Amino acid sequence: MKRKIGIVGATGYTGVELLRLLVSHPDVEIICVTSREHAGSRVDAMFPNLRGYLDLAFTAPSDEALSACDLVFFATPNGVAMKSTQTLLDAGTKVIDLAADFRIKDIAVWEKWYGMQHASPALVEEAVYGLPELNREHIRNARLVANPGCYPTAVTLGLLPLVENGLIDLEGIIADTKSGVSGAGRKAEVHTLLAEAGDNFKAYAVAGHRHQPEIAQTLSIVAQNAISPVFVPHLLPMIRGIHATLYAMLSVDAEQADLQQLYTARYANEPFVDVMPAGSHPETRSVRGANMCRMAIHRPGNTRRVVVLSVIDNLVKGAAGQAVQNMNLMLGLSEHTALQHPGLLP
Amino acid sequence: MKRKIGIVGATGYTGVELLRLLVSHPDVEIICVTSREHAGSRVDAMFPNLRGYLDLAFTAPSDEALSACDLVFFATPNGVAMKSTQTLLDAGTKVIDLAADFRIKDIAVWEKWYGMQHASPALVEEAVYGLPELNREHIRNARLVANPGCYPTAVTLGLLPLVENGLIDLEGIIADTKSGVSGAGRKAEVHTLLAEAGDNFKAYAVAGHRHQPEIAQTLSIVAQNAISPVFVPHLLPMIRGIHATLYAMLSVDAEQADLQQLYTARYANEPFVDVMPAGSHPETRSVRGANMCRMAIHRPGNTRRVVVLSVIDNLVKGAAGQAVQNMNLMLGLSEHTALQHPGLLP
Amino acid sequence: MKRKIGIVGATGYTGVELLRLLVSHPDVEIICVTSREHAGSRVDAMFPNLRGYLDLAFTAPSDEALSACDLVFFATPNGVAMKSTQTLLDAGTKVIDLAADFRIKDIAVWEKWYGMQHASPALVEEAVYGLPELNREHIRNARLVANPGCYPTAVTLGLLPLVENGLIDLEGIIADTKSGVSGAGRKAEVHTLLAEAGDNFKAYAVAGHRHQPEIAQTLSIVAQNAISPVFVPHLLPMIRGIHATLYAMLSVDAEQADLQQLYTARYANEPFVDVMPAGSHPETRSVRGANMCRMAIHRPGNTRRVVVLSVIDNLVKGAAGQAVQNMNLMLGLSEHTALQHPGLLP
Amino acid sequence: MKRKIGIVGATGYTGVELLRLLVSHPDVEIICVTSREHAGSRVDAMFPNLRGYLDLAFTAPSDEALSACDLVFFATPNGVAMKSTQTLLDAGTKVIDLAADFRIKDIAVWEKWYGMQHASPALVEEAVYGLPELNREHIRNARLVANPGCYPTAVTLGLLPLVENGLIDLEGIIADTKSGVSGAGRKAEVHTLLAEAGDNFKAYAVAGHRHQPEIAQTLSIVAQNAISPVFVPHLLPMIRGIHATLYAMLSVDAEQADLQQLYTARYANEPFVDVMPAGSHPETRSVRGANMCRMAIHRPGNTRRVVVLSVIDNLVKGAAGQAVQNMNLMLGLSEHTALQHPGLLP
């Protein structure tokens, strides 16, 4: 029997991407897609790529309808999931939040960066950070998963082997990251208009970005030491794709071959991480539409300086695809179901 | 002595384009740039390309300040200029409206398409339609100029020689037009986000678009006969540029050479229309940033079917550049001052 | 047992798109991917989106290897397939040519437009034009399928219901078409560089384009009358997507509702044609990566003028997807296998 | 009397950009535009933006014609200028090379990176590195100027105040740079096709790039100490624009205000460097088409880590615009003539 799935707030880009992936999933059935604003109108009128795939209208969010689901995704703005999750969990419904409500364990840090009071601190403690490459077994047993941010996914996967093995100076890590504009969501705003963000490139939030503490938290746990990388995001004149260029300094002697071997071994059994041959330059388009983090490790000039290049599709491995991967784990399904297609190139 | 210029509503794309052109104009001085919403903030904080060129802040619109100008541009939404123009004219200030308030002579038609009541019908009669290639002498003597729409500029200039000489069937004219997204303005709207309008192409407003009656009016006057072309606009995934592909049927026998000669002769003395050699395909990028309409005329298969290709930069010859051209005429300046630079290619 | 598939010339965009689709096809196995130039190098070194999906290197083309296949795709330049097809057919291998070698029945016309002598005119007669919506049963029984051109697919499907039912004037049909640049292939050429074709729009080949006789041939067969539409292609500053804007004149009285009903009924059982509700504007992004032709029919101003809007992904329904659809039919497989995923939006 | 100017190899992007700027220059006359391949064909047939501005055809390069010029620009591939420059200098013609022939003082380093033997090492010694903000007086007196590379211009100007004042650790400087694709030139190559480089982002040449030794040379001279920054270039899916994100570690205590003041003071009298207010994020579009380097300095988290953001148009301040600036200096003209226009935004 198919598992029943609900999506709260499916009028944004992570919502439609969940729908795109889930309509091809043989083991689940979408029974409830909510939107307060668009209740009553057909989902495929807003997203015509879904015509013929999804015969549903948006409904107003209701605890009753959502509680009938086996699992509910929150594809909502920050601060929404934290208000309804307890009710759903109590009803036996599992929850994956694609926003940031349950990502940061330190409530004070969360409240500072997200500018609001947390509505359910107890659940923050319970929530599992949904990076399968780090927390797979916990995710399998979780009722509540905090789906990682897009930048944190690309950055953390890129640095994990180095940090796990204590190979780099924990100070001085730099994450110079670049994202397509779909990461900013489907809100009407001047700065993400095509006429503003197209044919243009800029850094933003250099003074501080919410994904920095999320990255710092995960890396610090892994290192068992405080790590606070410099994080500078930039906006790319394109829709999908994140490229992280990661700079670190080796704290030990190591050959390029060793590092290559380290990365290859670390991710050998990971279905959604691809370590390219030495000397490669991963391209964002190679993961367009695919649930894949593709990376390469460099040591320019053969110095102690390491440069890791890591790419994802921010809407897939950086959001909806990773959420489906987590759902598969939480529901005891095959981890890669509905996530098996190559990227769209060109 | 420099002429004093004011711009009302300079926070949109036609506004900043006026500023870009006028800061290099040796004979004028911008003394007043208004924005109700941004009064008090520096213009170059919003438009950093102007840093070092314009030492002004936005001010709230005031009749007094604007009346001190020799000429005022309205770069406002439709329906604004019609409320203030009479006051300015009474004060001896000339006016160019870049919106549509004074373009359509038939008030009933205007009110139908623009969905509001006209505030100053008498001025509609006085206003000169600011297409210099058609109305140059009237513009020189005008107090009030209705600057043409972007599509109408490209379409009308492309068809003018055929219509003036009675060479085509007046029924069956088709204008298949494509525009960059800056034509939609600098408003926060979902459908012009980079993530929506980028990497995408679609038609819009096939049922009817406001620029159709404007084109029909001008061509009908020229033909001394009713013309109502089919007009289908499309949205291009880029910022600047309009390409009109115009289809008509010759009503007389004519050779390609004759048509080529007709177009070349018609525009031989026009500084801002360029007729390319037979067989050419004008590109929007060749007029990027330039006050130029570039065109080519074809007769595929040597039948009676004529295809005219016409390109402009919608923000320059389709808006701000043509407005500066009109200003030069109205103020008795050299018509091409501040408009002499080639397009930015690549 | 899986069917054995070969692809000749898989270093271009239709080739990699065939691979993208076929690696997810449960009933076929790719056993041979040829490239004279890149023989010996891994396919996924050239197309990293396929890393993990295809463990093959390019091989030099050989009749022996290809004859071992159940079906071979030619994703080669024009003029290649016609030289090898007879040998493959004689060996019992079915053939789908994605180039134009077998599309045009009149050899003289083909030779004029393609500028070479045809090497196997007899096979042209045998070849079935691979538009399933028109020739499904013939395709099922074919040994040799000529896969339609990209523009002809969008244009023909858009006009078919009108022409089949004799509703329009056969003279005066206009196909104003716009294509993403991947249609020009993966050849190093100046005019398709990002710095040339990006941020730009232009018409090309207004004097004549090879797809015009292909469209004319199909429509003329359907109409049982000569049809030679005006065909003007344009180049879009994006990678994938074709939008055809089709203009025709009704020769009979008809209501919009009747036309809408006509189209809906004609394509009701077609898995890969989607007729949108009246008043819609299909977007190319809604079919990005999907084997779908999406269309809408308009009658602006309620005159006799019909405007049909038709979009496809030129690499999918316009090339590789349609070829897989044809393969499914020729091999007796379910027609929609490996073609069932929604478009990638945004 | 106007100075006579020649351009060798004007069929590339730096060539057409020189032409775009020089046709508006009141003090010079272009008398000779060479191209071996296109000799005899009109310049404006290749670059239609110049129609009406330049009534010249390409000619085959000839020492005689070029020696009649007051100044000749080489907009040629690396290795061309070094063969002809001595002849021109002997004839009293000044030379600006936009390629790399005279940029690197250490011949062995040059030969290693550029893969050929240097044809005129003596001239390398004489050549002045054409960064006016560093070498203005030398440029005024130079016969031969090596116009800086695009990346080196953005990076060097961004770091200059810190290095000149000895404020940062000389080890550990990182230049993470991103460039539009016009920097790769107007050569037919697969990897810069729109269908390859569009809608995509990647790093390249992480193992080593020719601009690294050029940056290292300039900074080392300024620091009077060896500096070898890590340099990682990336390719942006757009045509024009470079963004350099520069990371360094303060070696002294300093306040943000001090750094801001340092930069503002350093560039106060520079017409083509703009230091933005603290907290700003310069955008590449703000310098599109303009001869300007715009920058901002940050200290995220108020640590000793400095992040400088620096943008240029690679074809203007990064190539042709800077070359015209150098020409103005070498010919005793006003430095900013023909370079005074704001960037094209949007």
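Order of writing sets the chain letters: A, B, C and D. Residues in each chain are counted from 1.
Convention: contacts are C-beta pairs under 8 Å (C-beta built on N, C-alpha and C of every residue); 3 or more make two chains touch, one makes a residue touch a chain.
Chain identities (UniProt): A, B, C, D = N-acetyl-gamma-glutamyl-phosphate reductase.
Quantities reported herein were computed from a predicted structural model and do not represent experimental measurements.
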Mutual neighbours - chains that touch chain A and chain C alike: B, D
Centroid comparison with chain C (C-alpha atoms), farthest chain: D
Inter-centroid spacing, chain D versus chain C (mean Cα positions, whole Å): 45
Distance from the mean Cα position of chain D to that of chain B, given in whole angstrom: 36
Whole-Å gap separating chain B and chain C, where each centre is the average of the chain's CA atoms: 39
Residues within chain B bordering two or more other chains: 13, 182, 186, 195-196, 199, 237-239, 282-283, 285, 288, 346
Residue ranges of chain C in contact with chain A within the complex: 13, 16, 20, 23-24, 47-53, 182, 186, 199, 239-240, 274, 276, 280, 282-283, 285-290, 294, 315, 340-346
List of chain D residues in touch with chain A within their complex: 172, 174, 176, 178, 195-196, 199-204, 206-208, 228, 230-232, 234, 236-239, 241, 243, 245, 247, 249, 279, 281-285, 288, 298, 300-301, 305, 307, 309, 311, 346
Of chain C, residues touching chain D in the complex: 13, 180-182, 184, 186-190, 192-199, 237-239
